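In what comes next, chain A is part of two complexes: it sits with chain B in the first one and with chain C in the second one.
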Partner chain A sequence: MNPPGLLKTTWIVFKKDMQIEWRTRARLNALLFFAVATLLLFYFAIGGDPGTMRKSAGGFLWLALFFSSVLSLSESFRLETENFALEALRLAPTSPRAVFLGKAAANSLLSWVLALALVPLTVAFFDVSIKEGVPRLVLALALGSTAIAAPGTVYSAIATNARARDVLLPLLMFPVLIPSLIASVSSTTLILGGDPMNQMGDWLLFLFLFNLVYWPVCFLVFPKVIEDD
Partner chain B sequence: MPQFAFEIKDVSKRYGQHWALARLSYSLPAGKSLLLTGHNGSGKTTLLRMLATSTFPTFGTMTVLGRDTRQARDEIRPEVALLSHASFLYEDLSARQNLRLLASLMGIADAKKVCDELITRVHLNTRGDNPVREYSAGMRKRVAIARLLLKAPKLALLDEPFGELDPQGILEMEALIAELKAKGTSLVLATHLIEQGQRLTDERLHLQAGRVGEVT
Partner chain C sequence: MWVKALPLTLLAIAVGLIVCHLAVPKTRTWVWKVLAAQAVLMFLVQPYFALTWAPREVMMGDPYRIIYMHVPHMFMAFLALPLNVILSVWYLVVKKSWAVDALSEALAEVGVYLGGVGWLLGSIWAKPTWGVYFSPDPRLITAGIMVFLYLGYLTLRRLIEDPEKRATWSAVVSILAGADLVLTWFATKMFRSIHQLPSSPDTVDAQIVMPFRFSLVAFLCFMFVLVWHRYRLALALRKNEIAPPEAVGQTQVIA
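Presenting the complex of A and B:
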């Protein structure tokens, strides 16, 4: 036997999550439906003013993603509590840090794919143009998705054994994610609506720094969350 | 080779206000097998989970295979296998995928071949690629047995291993226990089937409300 190191174990956990997702595709389908429904609700709520719609497009896109991510993160750990699969992972043994990295990477990817799928709908509903900003938009969506995934993975692990799990998760997550939400909305709005003051780079840098702080912190904290001391 | 499969000294475990185990002391020599009995809620499962390093004593010390469970859990875990009430399986993966996942986490060479052999051994050949969600309780138990065999443990912890199995499965489980003992694997068997358990094990520890009730 030659136990795998941190990176290989991370890959195994990531692959396992993707395998489960691909086998059922239940989570992605449900998230897509929920996110589209949220976007539609915003579209109808804002009325028919094209100017307001364009200004709000970035915010609505991120709110739809944000709400969907709560469902996604909750489901991500439900898989682990069913049949005590997480306990089996721990006893295999698997490094809790590799579990964090694998699951957070899988959650990031899922959120990013969902974000990419919502972009054409946002363009269609809110009459915005992405012609000149596709690479930057892809980057902003990626940074915003990873910013949600790292703390979200830790909080979903904390909330998973609580009685009111579905209520607790957003209560824990939202306050921490507000700075990243502001940065994600601001950078996306500037990409979609034009950036005359060249502010978008600063918001993307802020998102990058948010990730730079939260991923290591969550990486260090996660073992305490899932191990019984 | 450590002298004892495990040593428990004055171990207590508390969940909230409830003491699941209270001042328990016991040692099992390496290579021996123990029958663990007691009423529901007497602390059998808690003790097994502590031996598996899934949870740890609130007070007291516990060593497994010569090492302290709290300090050396990463070294102990590859050498201990727990067959639990829970199947430890991912419902949306097949039996084969669940086994390969464990094999890859353990770094077993030639994982595919080893897992295929185990699937054959537990008679799941024809259903091995179906998602576990479609399995009966007995079939899940068989996959859990394959997981235990994959680990080839030095200490095997079996919590109600005969539950959910059909008569043929029970006979095979008995044969498996005999096989593990012949290999020198230390074994703890928790069951309510006392006569059957006594036939298969060397010692008996009876728990009463988290305390040692009787040792034979």
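Presenting the complex of A and C:
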């Protein structure tokens, strides 16, 4: 029997992660509560000024997503350390690149679902309307989620094996994600607040570019992270 | 005439010594001492050139004199950290060697120090000239992120005990950081910028340019000596971490 190819293996890894998630739903539930709590904290910290709240809604939405993505990403490889699951996965044999693609896709999907779940709450808390239409917002959230997931998956694999992993992951990840944060927040703010100057396309293009740089780079370097040679 | 010749001569001496150090291993015991002496002598003279010899600038007055410290710090950081990215690619793709790993560590640490201090100096300069300490400007953000990326890199190095994994993983982190600097630059370009464009030596008074070039050469010598010593230290630590064969044999006997 021929071993399955890269895409097939990726799909198997993705399905495995999703199945684990679906059976417990522990991660998504915890993430949802954490993200909602973060949004509420921002709501109280800003002190109820409607103008400021409307202007900052996009930023708060993305910060809540960034903070909860740290939890979700660190969990993504922590569950592989139990019972040497990662070693077993590699002995299967699974190509490390397929592990990266599968895991990064699963992480993207998870944070995209979380982002979609947060949109109604953001609209309710911060009293904004989606002026440029829902499809564009869905696209911006998807591009931002994949931008977090690619470098995040690599850092998660590194941080899981280091001491003080909970501190290390945000320390490595947040500075790298600043360009994507700038672009995600700018495009989302324009979608929520209206885009009279037609700048949103540029920001979405930049987010796409961020993905275009990081997915191949992470794809190439990831095997070095989980191989012992 | 000497105004142009002095920094160029000093630069030629410094570059000559550095090349000699790199090309001829035998000279490595003493060349760095000469470079260190050159740096010390230049730093003794530099305040005179920077603070009294150079004329006041027309628009900014005296605060502009901080360029003699701020710009060399930033230049050297922008020399050290991209070099770290190149070495990391080298480590992963071409050859896994402890020397490359030790040099990356040295460059990252010196680069973070120079970049961090340069960033602070820039923000001190920004207050009297722009009226703010910080603004979302492409250069300020890129430089700040660069320092934080490599602070993370240095933290990572301290949190991994296995030297081989540390070398590989920190190389990976450095490559992702390198890609980020390019992207950050483009992302923040989309904001408006208040940082002045770099002046060309042709349009600036020679008496302002000379101390600047002088400072750059002094910082080059200074950085080279720092990196060289940090590299030696890192390499010695690495060799100590990897147990020598004799020690492994003894442990087995005792066990």
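As a working rule, the second predicted complex is superposed on the first by the 227 of 229 C-alpha atoms of A that agree within 3 Å, B and C clash if a C-alpha of one lies under 4 Å from a C-alpha of the other, contacts with A are read in each partner's own complex, and residues count from 1 in each chain.
The rule is simple: a residue touches a chain if its C-beta (ideal position, glycine included) is under 8 Å from a C-beta of that chain, and two chains touch if they have at least 3 such contacts.
Just so it is clear, the model here is predicted, and its values are computed rather than measured.
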- Task: Could you look at A:D49 and tell me whether it touches chain B, chain C, both or neither (first, second, both, neither)?
- Result: neither
- Message: So in the superposed three-chain picture, is A:V213 touching just chain B, just chain C, both, or none of them (first/second/both/neither)?
- Response: second
- Task: Tell me which partner A:I178 touches in the superposition: chain B (first), chain C (second), both or neither.
- Result: second
- Task: Mind working out whether A:V154 is in touch with chain B, chain C, both or neither, as first, second, both or neither?
- Result: second
- For A:E87, decide between first (touching chain B), second (touching chain C), both and neither. first
- Message: Is A:E132 touching anything from chain B or chain C once the two structures are fitted on A? First, second, both or neither.
- Response: neither
- Message: Is A:L168 touching anything from chain B or chain C once the two structures are fitted on A? First, second, both or neither.
- Response: second
- Hey, which residues of chain B end up touching chain A in the complex? 52-56, 70, 73-74, 77-78, 80, 82, 84, 86-93, 97, 101-102, 104-109, 131, 147
- Task: Please give the residue numbers of chain A that touch chain C in the complex, ascending.
- Result: 151, 154-155, 158, 161-164, 168, 171-172, 175-176, 178-179, 182-183, 186, 202-203, 206, 209-210, 213-214, 217-218, 221, 224-225
- Query: If you look only at chain C, which of its residues touch chain A in the complex?
  - Reply: 92, 141, 145, 148-149, 151-153, 155-156, 159-161, 165, 168-169, 171-173, 175-177, 179-180, 182-184, 186-188, 190
- Within their complex, chain A touches chain B through residues 1-4, 9, 12, 16, 19-20, 23-24, 79, 82-85, 87-94, 228-229
